[in-house]
Structure formats: C-alpha cells, structure tokens
Amino acid sequence: MKMLSMVVLCFAVLTASLFAGAAFGAEEISINGSTTILPFAQSTAEAFMKINPSTRISVSGGGSGNGAKALIDGVTSIAAMSREMKSEEADAAKANGRNPVKHIVAVDCIVPVVHPSNPVKDLTTGQLRDIYSGKITNWKEVGGPDKKIAVIGRDTSSGTYEVWNEKIMKGEQVTPRALIVASSGALVQAVAGNTLAIGYDSLGYVNEKLIKALSIEGVQGTPDTARSGKIVTSRNLFMYTNGNPGGDIKKYLDFLVSDDGQRYVAREGFVTLK
Amino acid sequence: MKDTDHETRGEALLSALDNSGDACPIRPNYAVFRKFADWLATFLLCSSMIFVTVVLCAILFFLAAKGGGALSWEFVTEPPRNGMTEGGIITPIVGTLQLIFVSMCFAFPVGVVTAVYFNEYARGGTLKKSLRLAMRSLASIPSVVLGLFGLAFFCTFLRFGTSLLSAGLTLGCMVLPTIVTASETALANVPQDYRDAAYALGATEWQTIYGVVLPSAFPGIITGGILSVGRVAGETAPIMFTGAVFFAPGFARGVFDSVMALPYHVYVLATAGTNIEKTTPLQYGTILVLLAVVLGISMVGMAARSRLRKDVL
Amino acid sequence: MPNRGETLKLSETAPRAVITVIAMSGILVMAFILYFLTKEGIPILKDASITQLAAGRLWYPVSSPPLFGMMSLIGGSLAVTLTSSVLAIPLGVALALFLTEICPKRISGFFKITLEILGFLPSVVLGFIGMVVIAPYLQIKLELLSGLNLMNASMLLGVMILPTVATLSEESLHAVPQSQRDASYALGATRCETMFNVVLPGAARGIAQAAILGVMRAMGETMVVLMASGGAALLPESAFDPVRPLTSAIAAEMGETSVGSAHYHALFFMGFILLLITLSLNVLVIKIESRGEVK
Amino acid sequence: MSKEKLVIESLSLTYSKGAPLALKEVALGIEENSLMAFIGPSGCGKSTFLRCLNRMNDFVRGVEITGRVLLDGRDIYAPDVDVTQLRRRVGMVFQRPNPFPFSIRENVAYGPKLLGERDKGRLGEIVERSLRNSGLWEEVKDRLNAQASSLSGGQQQRLCIARAIAVEPEVLLMDEPTSALDPMATARIEELARELKKYYTVVIVTHNMQQAARVSDHTAFFLMGELVEHGPTTKIFTTPRDKRTEDYITGRFG
C-alpha cells in the first residue's frame, strides 16, 4: 500500500506544479492559423525569442479558420491568415467583444506546379480553369504527352484554395474527381511523387528539385510579379490581432515587417513586402 | 492404407446390420483430394502468418534504415530549429510525455475507481447496466469524434482553449474504457478467499477493498495502465484540434499551454514543411522515436503482463 | 457481498458513495459526448435538409451557396471500411486459425507478439508509409492517376484492424472445447476438415463479434485515410479511385472553418453520423453476445 | 476362437524425452468381435494405451512411441499409413459426451459427409441406421433437427456412439464412456456395448471393475504403465495369476 500512496503523492505534486507553472510564466504570445504562414511565423518567432529571451511564442497550425476561431475565442494573441477575415468571422469576433485588426506581413502568389519530368511550361487561366473543372483531362490538350491529368487540389476551406477559386476558377466548381490534400506540404509530396499530377501551391513551397512551377499566361511566379500583382494569383498574407497591439505582440509584429524579419520571410521562399 | 479387403468387409458388416443402403462411398480419388485440401489449407494458413510477419518486419526495417541516420544525441535532446529543418525533437517528446501524464491523471484514478465499483459495489440494476453500456460505447467511439467532443466541450465550453489540459483530458476519455477493463480483470482475479479472510477479521467493506483487494490487484492494474499509455502516446486524431500545435518554443509550463506531440509532429513534418527535402531525415527520425516510445511502453506492458500471467497460473 | 443489515456506518457509506459518484463520470462523459455532438451537429439542418445532406453528392462547403451533400463522403467511408474488411477479416481469421490449430505452442507466443506490435503501430506512421512508399509505387506500377486512393488506404486500414480481428477470433477459437476437435479427429477428419467443419462453426459468434469490432475500427480510423485516401469527395467507381471518408473530411477541414458557421456544424454532423454508426454496431455486438449467454 | 483383430507388440510410450515411461513394453492381442475391458487405477496408463490404438496421442506434443500396433496384421505406426483412414476404421467414444454444436442429424452425418457422401437419401439412411443401432432412434426420430445439446447426458453419449458407428468402423474404442453418466444411462450404454460387439471389435476402458465383469469377454489389468495381466474376464476375476491383480480386484487399493 505504501507504494500506492507514493505514486498518488508523486502524481499530486506533479499536477500541482503543472498548474502552478501557468501562474508565473513569462509573457506568452501565441500565433495560430494558416499552414502557409507557419514556416516563416516560426522562424521569425525563433529569431525574435533570441533577441527577447523573456518572451515565449508558440506557433500552431490548423488553418486560417482555426486562427480566426482562436482569435474570436480569445485563446490566441495573433491569428495568422492566408486570406482576409470573412464578414461572418468579423461579426462573431465583435459579438465576443473582440476587435480584429489586420496586419499585412508578407506577399505570396499561388503557382501551378507539376512533376519536373512534365514538358509543359505555361498554361493560360482558361486552361487551368478547364483542367480543374474537369473539361480538360489529357495533357496533350495543353501541349503535353498523351497522358491523363491527375488533378490535385486543396481543401475547399484553405486560404490557398480560396485564392485559386477566386482568381482562376472564377466561380466554377472544381471537379469532384480532383484529389484533395490537406496541406501545402502534402501537395508537394503528392505532386513530387506523381508524373501525371498538376497542383497549385504557394510560391514558398516550390522546391525546384521536387516540383516544377508553371507560368500563368506567360507570367512566372516571382517575388516581383507577386508584389506588383502582375501574376493574377498574388495575395497578401495577414496576421490579425485583437485591437491595436501593444507590448510584446507589437514588438514581434514590428520585427516581422522589419528588414531583419523579412529576411526570414524570404528565406522560407515567400515574398517580402518591399 | 490400401484396402479392398476392408471395403468388402465393411459392406458385409453393413448387410449384417441392416439390409438397406450402401456403404459410405470411399473413393480413392476423394481421399487424395482430402489430403490435398488439408495440405493446401495448412500451407495457406502458414503463409498468411508468414506474410503478416514479413510485412511488419519490412515496415520496421524500412523505417529503421531510413531513420537510423537521423538519430543522434542532439536529435533527441534539442528543440526543433529553423522551421523544423534543423535541430531535434525534444519539445514533442516532452509534450507527448506531458500528454500521457495529464491523460493518466484523469483516466487512471477514474478507471480504477470505476472498476472497483463494477467489481465490488455494483449490485446489478439499471445504474450498473447503463454504466457498462456507457463504457462500451465510449470504447467504440472513433478517435476523431472524441477530438470533436474535446473541441466543443473542453476547449470551447469549459474555456480551456487548445491546451495540454484539453488534449490530455480528451485522450483520457479515449483510454478510460481500456483501463476499466484491465482493472476489472485484475480485481476479478483476486481470490474471494482474501476478501473472506479480511471480513472474518472484522474489516469493513472499504477496509477490505483498500487494504486487501486493491494491493493484490495492483500489478494487474498497473499493467493495464501501461498498455493504455502506449495508445495515448501514438494517437493523433484526438489532439489535432484540442491541444497539439505545429510549433511551440519550449515545453508547456502549465496545463493551459499548448504542446507539441510526437505523432502530430510526424504528421506536420510529412505534410506541412516548406522544405521537404531537408526535413525528410527528420521525418524518419521522428517516426523512429515515436515508434520507440510507443512500442517501448507497450512492450514493457506486455512483458509485465506475461510475468503476471505466469504468477497467476 | 456480505450483508450487514442496517448497521451501516459512515466509514462504510462514505467510500461507497464517493466511489459510486466517481464511477458515474463514465456515464457523464458519454452523455456529454452525445449532447455536444448533437448540439453542434443538428444546427446544420437549418441550412440543409436531411435529404440534401444524405442524398447530395456534391460537397462544396465554402462555395456560395454552399453545398453540403455528404453522400460521397459517407460512400467513401463505407467503401474504405468495406474494402479493408474484405482484405483483413479473412486474413485475421486465417491468422487466428493458424495460431490455435496449426502453430506449435512454442512459437505461437512469438507470432502473438508480432500481431500485438502490429496493433500498436501508430496510425500516423502507417499513413506516412501510405503517402511516401505505397502511393508512388501504386501510381507507377499500375499507371494510375494517383497512388493516393481507396486501395492504398484500405490496405493500411486492413493492417490496422488485422490485430483486432485476429486476437479476438483467436480467443473465441480457443474457447471451442478440445473434446470436439478430438471427436472430429476420431472420426477420421483431417485437420483442415476439423477446422472448417467443427472449430470455425463453434466459434462463429465470437468471430462475428471480432469482425464487427474490426469494421468499427476501420470506420473510425482517421490518420490513415487522411494521409493516404486521396481526399476527393466522389463516390468511388473502382478500387483505385480517390475517396474522402467522413473522418478525413473532419480532420482536414475542422481547422479551417469558423466556429458556428454552417460548415462547422456540418462537420459536427458528420461526427454525429459516425457516432450513430459505431454505436449501432456496438449494439449489434452486445446483441450477439447476449444471445450467446442465453444459450 | 476367431482371429486377433489388433495385436500390440512391446509398445512403450513417453510424454517427453527422458521422462519415465508412461507405458512399458505392453504386448496384447485383441480378438475380433469381442469386447475387451482395460481396468486399473487412475493414472495407470489404460486411457493412454487406448489412445495409442487410433493414434490420438499424435496430437500430444513430445510424445514418443516405440513398438508396433498391428491392425489386421499391418502396423498402424508405419510411415505410409494414412491416419485419417486409420481413425475411420478405429472409432472412438470419449469419457464425456462431446456432441458437436449441430443438430442431431448433422452430428451423425458428420463422418459420412467427410468421406464424401453427399446424397441426402443415403445420408438419411445412415443416420437412421446408426441411431437405431445405438438405441437412440425411438427417442429422437421426431426431432432430428434439434440441437444435440438439448439431449440428456446419456442420450448425448449414445449419440456419440451413433456418430462413431456411422462411418462403419471395425474397432470401437470407448474411453470410460459411462464415467459422466447416472446408473440408468450407464446400464443402457453397457447393454449397447454388448450389442455392438456382434459387429465390431469393442475395447472399453473403465475404472469400474463391476462394469468390466458385467460386459467384457476379456480383461486386461494395467498398473503404473505396465500390463500386469490379461485373459478371459471370468478367469481374471476368479483366479488371477498375479498378486497385484488380486489385490486390485479385491479392493485393497485403487
């Protein structure tokens, strides 16, 4: 019985310490949201914490909606979003007494990607739309080999999908035959392992060794075309805070848009603001 | 055995017994067919087991070969750095341990008490029946549905947020039935004589349970606990929405912090890195560590169980 | 339980009361699960009728207007469950037969450990293997559009439910009395005849339970289908079509929805459907079991 | 005197290498169409010996058997022997009734079906004949489709006998067939055993000396794995040659 009592005691002590820990922790910033933003959110957070060791930043993913939800519920300090907050989300936030404020932290563009062995280099918006709506099903119709096209898309609720839907699909439905993957990285994996595949992904995820980016209407996805909006699929990446930020949150956001912070944005393959 | 002799004899016997009917047809070809069928079935059953063993070994060897190179002291003692492309995985390792701890804090005591209730106190009736039904239903619920429940109840309704506490409790709900079943078996294996002896000495019901029954069932209960810990360590779906995060700067220092967890980290590395080439060795390394944790804990449980069985028998 | 009449003291009643109350938390948890899944799932019926949900084939939850047809997702779940069961249940029963009827005791321990280890493999690891090993292999070998499909996910799910089916079947095969095997052998039956004519029928009830529990697990498994099934919301026409089972839809989309939106409720409604399916399978298992007890 | 159906030559058995012998150099002849009883205290090896006669000991791991068992002059332990054929010719009834969890009809038809009999009509005849010969027909003819488990213990044992004789064995081994039955059921089985020896060579193991005296033509007495003495029943029970036999049958031990 002694052993049992000891175990119970140890459990009690450990539990108490866990609960107590929350009380005297350092100031904590939590970032929650889009998987697209996570890579540079994380590396900037790491860099920021090196400069300000007293601050803790945790980064969690799950999607733009998740970030918005967390901000509405007041469980995160920053919502990272690859799309603008929807009106219903903003309404919900207001109803909960929160006031979402938008910060543009980086620029991005979505590019169509194919397997490196694919000879196709450029597609028009119309061709892309037809491929994704299921009207074009063979690569030879767009100047490729006589092979079927494996269409790979993203979840209908992801920010990346929304941009694609708005700028390329223009309201047409994606064919239900399209494969759907749950995240940007999974899309890269899927396209890299499939010679027939076409997908679309944020510029930051394009890795020349694994997948090949196509140009749209002759416009390559590059930082310049993205910033200037020359490529139709360019978009801004956002972080939302509750009210105008102060303290460490402001410091972090300032760091993120500073040249130092933007270096990390560039290193992760995204497009800097300037 | 070749035996026309016996066949005729069998017929003679038959006519002695009864004049109607023929003997059972003993066709030589049919006997060959039976032998062949027997051989074939044996062969197929053996090869099914060999097939499964080979599949398991192939999986384990493949992962070990791919991930072995990534393993190093630094890998298991350093936090992830540089957008997960460098560094180690100490944060998710510790996070998984913390999740195990929190879930067990809830599930173990409640599970054992429930088993005590079933075995020592319950007198049949509706209450026991509905609790039994609840436990079995709980055991059958898909883990992702438990995740939804955790999100709606712990995170949103109780305002725990996406935190260690929410995720741990969700996992706790998941393994509760396992612990109850294991503890019940352990309690049922305590001989009635022990209880009778305690009662004969004038012990009260509670004294008997606390002083005699629980201590003798303790090894069995612990074994069940260890085996369920293995399950907690490997689950992803229930913690995806309730507490596991993509990246945390350090260990959770309180139950309201969010955590990184090994299985979720595997998922993240496999599906969300910008730099898949660089993270590939880390992916395999993480999988290997996850396997080591899950299988290690489970094997400890299995070893304890087989020792226990030997003691009992 | 010894009956000590009316002289129950506080030292007796207090622990009893405390233990009963704590034990009841199991019922409470189950009740909360039912309540919250219902509460968060039912509001979708404001946006879409039951027929639209059940018979609609198009799942476009964020287009405007959103379409919440879950038929393809439910179909995906059923297809994956069915295929994996067809693969794994016969194999599981075969393993159980091998372990009880053929394998010498000395090495059956080793094989049982093998099965248990298989059962302990985290699903995320299997999903990973499906994604990076099986998918490219299938795609190239069979010249498919994609290796992430129904077959890929079903094979891995089969691996997941195999240990459940095998272990539970083995238990019920074990429970068939040796004397019945003896009787069969004494009549000149071969081993395989004894297995299929006497032992299997004798264990049929237990094997049926094992199979249903396996089906239940396949139905509710998430990570494997999330990572390996391809995720296209369409009713599969062949074993190599991509599918999007309910569980993977929930896991993939929950993070992206806003709380309280129709999409959010739709996902909870899917959870609710899954809950109903598994609970009714569970009732089936209990039915089979109690029929066995009566006999 | 008719010919010897079974001849056992210096049969020894051990349950594992190096362990003491469970059967020591047993030599015995069993006459055709006679009823032989094996008696002896429990653990003397009589059941083990019985199971050697249709090779049921093959399933026990580690068992080693030396010596020969000749059925119609051919060694049943010879390498070319088909064990399933052997067991069809040498049927067995067990200590406890062990009907399959099928209907009465299916239980009896099990053996013939194994042998390839598919014809419903002929199967029906075999079922009826076997049940008549085991004295069960009148009791069950109206409920052949009832579960075998619905029968009483004595009826179940007779069903097992019917099942065993449905494949027309030449030898019928009975391993303490009445030990789980009440006296009435026991009497019926004994009567049946006497009836059956007209058609089969019957060997019955019993721990009940009265039973052996009542039913058998020949008796063999086993002690500690040894065949102490065997011969006509009347002779064994009246003028045993060996002191140990005498002690046993006069109830000094066992």
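Letters are used for the chains, namely A, B, C and D, taken in the order the chains are written, and counting of residues starts over at 1 for each.
Convention: a residue touches a chain if its C-beta (ideal position, glycine included) is under 8 Å from a C-beta of that chain, and two chains touch if they have at least 3 such contacts.
Owing to the predicted nature of the structure, the values given are computational and were not obtained by experimental measurement.
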| item | value |
| --- | --- |
| Any chain that touches chain D and chain A | B, C |
| Identity of the chain that, by mean CA position, is farthest from chain A | D |
| Pair with more cross-chain C-beta pairs in contact, given C-D and B-C | B-C |
| Distance from the mean Cα position of chain D to that of chain C, given in whole angstrom | 48 |
| Cα-centroid distance, chain B relative to chain C, in whole angstrom | 14 |
| Gap in Å, rounded to a whole number, between the CA centres of chain B and chain A | 35 |
| Chain centre separation in whole Å, for chain C relative to chain A (CA means) | 33 |
| Sequence positions of chain C contacting 2 or more other chains | 131-132, 190, 193, 227, 251, 254-255, 259 |
| Contacts with 2+ other chains: residues of chain D | 84-86, 89, 111, 114-115, 167 |
| Shared interface positions of chain A, touching two or more other chains | 61-62, 66, 73, 181-182, 186, 189 |
| Touching pairs - complete list by chain label | A-B, A-C, B-C, B-D, C-D |
| Contact footprint of chain D on chain C as seen in their complex | 104-105, 177, 179-180, 182-190, 193, 197-198, 201-202 |
| In the complex with chain A, residue positions of chain C that touch it | 57-63, 72, 131-132, 135-136, 139-140, 145-148, 226-227, 230-234, 242, 244, 248, 251-261, 263 |
| Of all residues in chain C, those that touch chain B in their complex | 1-2, 9, 11-12, 14-16, 19-20, 22-27, 29-33, 36-37, 39-40, 91, 94-95, 97-99, 101-103, 111, 113-118, 120-125, 127-129, 131-133, 159, 162, 190-193, 195-196, 213, 216, 219-223, 227, 247, 250-251, 254-255, 259, 267-268, 271, 274-275, 278-279, 281-282, 286 |
| Touching residues (chain side chain B, partner chain A) in the complex | 81-84, 98, 101-102, 105, 155-156, 161-162, 164, 210-211, 214-215, 218, 240-241, 244-250, 252-258, 268, 270-277 |
| Footprint of chain C on chain B - complex, ascending | 34-35, 37-38, 40-42, 44-46, 48-49, 52-53, 55-56, 59, 62-63, 109-110, 113-114, 116-118, 120-121, 123, 127, 130-131, 133-138, 140-149, 151-153, 156-157, 173, 176, 180, 199, 204-206, 209-210, 230-231, 233-237, 240-241, 263-264, 266-267, 270-271, 283, 287, 290-291, 294-295, 298-299, 302 |
